[in-house]
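Chains: A, B, C and D, in written order; residue numbering restarts at 1 for each.
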């Protein structure tokens, strides 16, 4: 496909200031991009987020299940995607705990368990020190097998996870002692960076027991187009990239502030919004660049005649 | 014969067998076996790559070509890393077999290999990756010009998506009620509509086309019609 | 009605393919048993991927449940629809080739990107600059790399004829070996074996971004006049294309990696999109057989388009006539393989 | 062959002595680094404050190192320069070695040597290497890739290099066979099947108790059939038309004229919207990457914020 043949000449070659802008040295663009990301980071700029329908749906899904419900959080990502997904995980864990839900952690990605462990330490035990292992939360850890893990959990959870991550038998942990399959959960959330992840949860967990539980998901920006077809029919909530995380953070911190550690909560549940600062400025820069490029082209055309 | 007919025969036969093997439960796993062989083959072929890396850089140094000192840096860092890794220098002993040096793990940050990975390899690759933020901006500036219908659609869509990605989208159109008949003017609505219906359709068709292309390319090779890989006629 | 005729055709085709399979399986039985035993062992011992394999084996042998055909030990009945599709699609490509051999005039539309190949190499020759060919960053197990290397063969032939300097940095040792064979073959075909220089095809590193750093560095230093990107590309697509643009090179890209197409389309002069990329080497060869196979791809497309239309018609009808719902669903499921 | 050699070392000619000197220098550097790290490890093993100090030191040296390398790569944006070239050279050397080491310890040792000489591998490197029930078969099968590999390496030999085409033919053949079937199954049929949908979409059965769940029985059915989901229908038709028109664009047999031309043009429009959308959706991830690098520079290195 020939889309771009005549660009090499740029918009340069004399003419007005605007027309010359079209052929501007691209290093100025680099500089502008660098600054638009660096300055918000240095100044810790935070812009108010207006929660979109998807973030609101996710929030409502966790709100609407009865207090003290059993919730399964799957950490299906690794450090490479933590920039986008960790803020979601933090906010979701705080949200669930603030609602008094009992949380079961697990991971389809090998490093997901470490991400979950970190979240337990940084958020769950930090802001909800009364949460006791075994009765209020359980860490099942990572199991190899990708979607096969989900499939087996859907029909026979104890067969997939005979023990928790530390090797304790499930029967010795009151929270999961009687759990037979995924229908024992009121809500399942997959924080997902790709395969295996949210898509597999929809395909293999939801189809096994569509009415039993609510499914929500947090996703990176790159893989979201694969998940959109499932929202909202099979997936009641979907957080997309840093933006989704920031919006969800807003909703959670607005309703559930921390009484004794407000500053720490603002930091731990503010990462998404801090990361949205550079996003907003950089996106506006890109929009401005596109407008500028076209203005320059039109200015050059009207001056130089048809080319 | 050995140089021309045999390779074609090998290619066709191996291709055909693996095509059909998928359909029998007894032979389904052959594909995986072959891929495993390939991994071993690729590891053996590292000798070829390393030999070439050495040859290229040593030649630069010996003929004092411009930039020969950089070739030296490449070789030094190559040999250091290779030595650290192959000899498992400073490996953390395996708790179950502390006496076996080569059973230890060499990729924790406590060993030189792991240290170099963490503080040299990772930052370098991550920064190369991060450079894309700059190039995305310059590409958008240069290429998104409204020259014809096609380019207007390209840049218009990118424009809508970029706006909808940030709070700016909500700021501009968030006031339109979601259940009104003008809800389709909301940027977040447009973004979902574009990605869910048009982008999905486009990607589907591209994928279908690609699959057909893969079939035709594979068949051309298996049937011996495309022989471009054969040298020395 | 539709459904029944389809099953009928399915049966007939299945019988034919079954016969072919019996022959192959009989010939390979001893070996296959050995492999099976070996795979079973592997599964029992080593971790995740093998675990999946282990679960696949019993599943495969019991996979006949739910399908009407009786289970036969050495054929996976649940994959019969796929076999039928394979026969149809491959058959249409082969039909295209046979049609070409019958001597009828072949009409195929031009691809602007391929017309530009000669022009780009010619321009590089005139300017006394080199031509850069990047065969992607994947190994030969990716069919895109294989397609990229076949395109390389044509590009190298033209470069040899023009006596242009062609450089091929690779990020895999085996791709380097394959590219050397191919370029050498091209020099032979062009009748200039003496101008082949092996050292122009070299390995850099398996690491994606290490490879990018080296190639972009090379680009800004040596300023090739034409850059070809043909193969499997990921995040590096835009790094190459933007740097290539900054040095004023003509850039022609081809990839079947859907996520990277936007960047090539935006930043390169010409882009071969998905299927076009796979057709490129056939186009460039100019051989009748190969062009026929391109025509065969179109037959395949017609089949798929027809299947989609029929499926949609059935599904739409099912909205109003609920009794059709079963037929619509089964059509869709069977098409899905 | 103009003197650059192909890895056999037979083409280096008059530069051989320089090469040797260079090799010695690199060996010396290697040795020096090993001893530095050896000392550090020994200090760590001896325990106590000294070890902690070493760890802290190795970390802060590391952070400085990473920061300088990060800046070095970024300078390329201004222009090519020696600083970048140093970073580039280090990256090439380190990463090539990294993947080779990885291939050696994770593939060659367990999957090749572990099959050929399991006893030795168990004794030296992997004590937990599983015991095979059919060691003979394993060994025989492991010989296949070894043999292919050796044939591939044969091209380094002065004679009979044509034999290296055989393993290449095997690789290309198996790739073609595997991908052919896989792409028909996973891409062609799956995507075609996913495209199929009703072109008319009705509103979902009961509007989820919106009217106080009053709709029961016949009333509900009547409501279901009546309500057309306008945007759902538009979306469904768009999806199918999009797929078909883009497929028309890919038609090679027909010139893009007349009806085919119009459909192909529509296909191009769909493609352009697809690409614009994909481009826009990727931007956020790319900015995150740069933000993370800058956060590292500002926070971990400079201690700002």
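Odds and ends about this structure:
One rule holds for everything that comes next: a residue touches a chain if its C-beta (ideal position, glycine included) is under 8 Å from a C-beta of that chain, and two chains touch if they have at least 3 such contacts.
These numbers come from a predicted model, not from an experiment.
Of all chains, the one whose Cα centroid sits at the greatest distance from that of chain A is C. A comparison of the B-C and A-D interfaces places the larger number of contacting C-beta pairs at B-C. Computed centre separation for the pair chain B/chain C is 16 angstrom, with centres defined by C-alpha atoms.
Centre-to-centre, using mean CA coordinates, chain A is 24 Å away from chain B. Chain D has its Cα centroid 4 Å from the Cα centroid of chain B. Counting partner chains per residue, chain C has residues 35, 38, 82, 86, 89-90, 140-141, 143, 146, 174, 177-178, 181, 199, 204-207, 209-210, 213, 245, 258-259, 261, 263, 265-267, 273-276, 279, 294, 297, 301, 304 touching two or more of them. Contacts with at least two other chains are made by residues 1, 3-4, 7, 26, 30, 33-34, 37, 222, 224-225, 243, 279, 282-283, 286 of chain A.
Among all residues of chain D, those that touch two or more other chains are 4-6, 73, 76-77, 85, 87-88, 91-92, 94-96, 98-100, 141, 152, 155, 165, 168, 171-172, 175-176, 179-181, 183-184, 188, 192, 194-195, 240, 243-244, 247, 250, 268, 271, 274-276, 278-279, 281-284, 287, 289-290, 292. Put simply, chain A touches chain D in their complex at residues 1, 27, 30, 33-34, 37-38, 41-42, 44, 83-84, 220-222, 224-225, 241-243, 275, 278-279, 282-283, 286. Across the interface of their complex, chain D is touched by residues 34-35, 37-38, 41, 45-46, 82, 85-86, 89-90, 107-109, 140-143, 146, 174, 177-178, 180-181, 197-199, 204-207, 209-210, 213-214, 216-217, 220-221, 258-259, 261-263, 265-266, 273-276, 279, 294-295, 297-298, 301, 304-305, 307-309, 311-312, 315-316, 318-320, 331-333, 335-337 of chain C. Those residues of chain B whose C-beta lies close enough to touch chain A in the complex are 133-134, 136-138, 140-147, 150-151, 154-155, 158-159, 162-163, 165-168, 170-171, 174, 178, 188, 192, 195-196, 199-200, 203.
Residue ranges on chain C touching chain B, taken from their complex, read 20-21, 24-25, 28, 32-33, 35-36, 38-39, 49, 53, 56-57, 60-61, 63, 73-76, 79, 82-83, 86, 89-90, 93-94, 97, 139-141, 143, 146-147, 149-150, 153-154, 172-174, 176-178, 181-182, 184-186, 188-189, 199, 202-210, 212-213, 235, 238-239, 241-242, 245, 256, 258, 261, 263, 265-267, 273-279, 281-282, 285, 287, 289-290, 293-294, 296-297, 300-301, 304.
Across the complex, chain B meets chain C through its residues 17, 19-20, 22-30, 32-33, 35, 38, 41-42, 45-49, 52-53, 55-56, 59, 121, 124-125, 128-129, 131-132, 135-136, 138-140, 142-144, 154, 203, 206-210, 212-221, 223, 225-226, 228-233.
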